[in-house]
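Accompanying notes for the structure given below.
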Amino acid sequence: MKIAIVSGSDEGPTKLNAFDNALSDAGIGDVNLIKVSSMLAGNVEINELPKLKAGAMVNCVLSEITSDVSGDEITAVIAVAIGEELGCVVETTGKNKDADDLIEEAKMMVEYMMEKRGVEIKELIVEYSTATVSKIASVVASVVYLNDDIIEG
Amino acid sequence: MKIAIVSGSDEGPTKLNAFDNALSDAGIGDVNLIKVSSMLAGNVEINELPKLKAGAMVNCVLSEITSDVSGDEITAVIAVAIGEELGCVVETTGKNKDADDLIEEAKMMVEYMMEKRGVEIKELIVEYSTATVSKIASVVASVVYLNDDIIEG
Amino acid sequence: MKIAIVSGSDEGPTKLNAFDNALSDAGIGDVNLIKVSSMLAGNVEINELPKLKAGAMVNCVLSEITSDVSGDEITAVIAVAIGEELGCVVETTGKNKDADDLIEEAKMMVEYMMEKRGVEIKELIVEYSTATVSKIASVVASVVYLNDDIIEG
């Protein structure tokens, strides 16, 4: 199993468009995202996000928050724990919450998931995006599951 | 990539059943719908909805709204922009909002998405369903992604 | 088409972890769940849940409810109607509602769906999970769609 871990943020004229722009900023704006819950195979390999085919069906774990309240601080966090037998992903978001606190929470939740399964964490990666809303903004962080069908070329 | 664009509406004895009846009215009541976000490959081909296999796993963009308030006007809209390199879909819904306004909003959002990607719109299609609730009603509009696995016969 | 019908419940230190623990209790904690709407092929075969591959992409109908209010009674119900030509699944949940009432509602909704389609019910199965919340608890009931790709070994 191969994954890429990405994040992005942007403003837009509507909530939908801000969200779409944030996805494009993360490099996953031109595909169909299918949200899955949050488990990884063992020894998952982390790659740079390749160029994806337009309209491809792409499985992902998606953390996203959008706000149209000027001044709001919005944060989307993904925590990824990798183990020999399996891995776990946690996504969390916050509005006007300290990004460091959200990251800490996400780490604790994913550590608990791995401990509960008796799997040692070989690597713990956190990806996040945070922004202060000007007019309408969106932030996203995502684990993208890669396979040959969805990669361009 | 081939798609079908459908819509439907119906009443039912519960919200769940009204929604299910509206899906059946749209011709997609007997399959498993997997909601995806809203991108199309380039030069997508629009087909009539074929007969789908019962229980097939069908990717779709789904716009739906259900209400149990007698007299509510409910509307579900899908706007589909087709381009050479890729296409975009927007879904929006409204309760007691003018259907024409909702359609206009959906068109503006999808036009913005295409412009942002620098892709010229070759065709822009709007599909919508609107109803005044008698007891419990649901309206749906959907872009259904077609492939040979899900088509009967 | 082969399915398994499972349920589970557990407490946890956060809502996310309680939900994850309930999924593990149901035997589907180590896979990626993709939620689908609720149709079955004809003459679906019901199996025991096999050992699933860690991180596999698993289609399912999922009924789940999580609460952090001590004393809350939470219930997740799945009703599965099997027929010759197709089958239907209904999921419903309740907080501080009588489990028997919820089961009755789910049965009525799935019976209506089958009747509306003119398909005779050969078998009607209900699976549910109910719990009284101590600190933070989650209950789940699920129809899991099985295929060789997701089964271990």
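Each chain carries a letter (A, B and C) given by its place in the written order, and its residues are counted from 1.
Simple rule for what comes next: a residue touches a chain if its C-beta (ideal position, glycine included) is under 8 Å from a C-beta of that chain, and two chains touch if they have at least 3 such contacts.
None of the values given here were measured: they were computed from a predicted structure.
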Does the chain B and chain C pair touch with the same residues on each side or with different residues, judged by whether over half of the numbers are shared?
different
Compute the rotation angle for the C-alpha superposition of chain A onto chain B, expressed as a multiple of 5 degrees.
120
Where chain B and chain C are represented by their mean Cα positions, the distance between them in whole Å
27
Which residues does chain B have that touch at least 2 chains other than itself?
34
Show which residues of chain C lie in contact with chain B when the two form their complex.
1, 34-42, 44, 59, 85-87, 90, 92, 105, 109, 112-113, 116-117, 145
What does chain C use to touch chain A in their complex?
12-14, 16-17, 20-21, 23-24, 29-34, 53-57
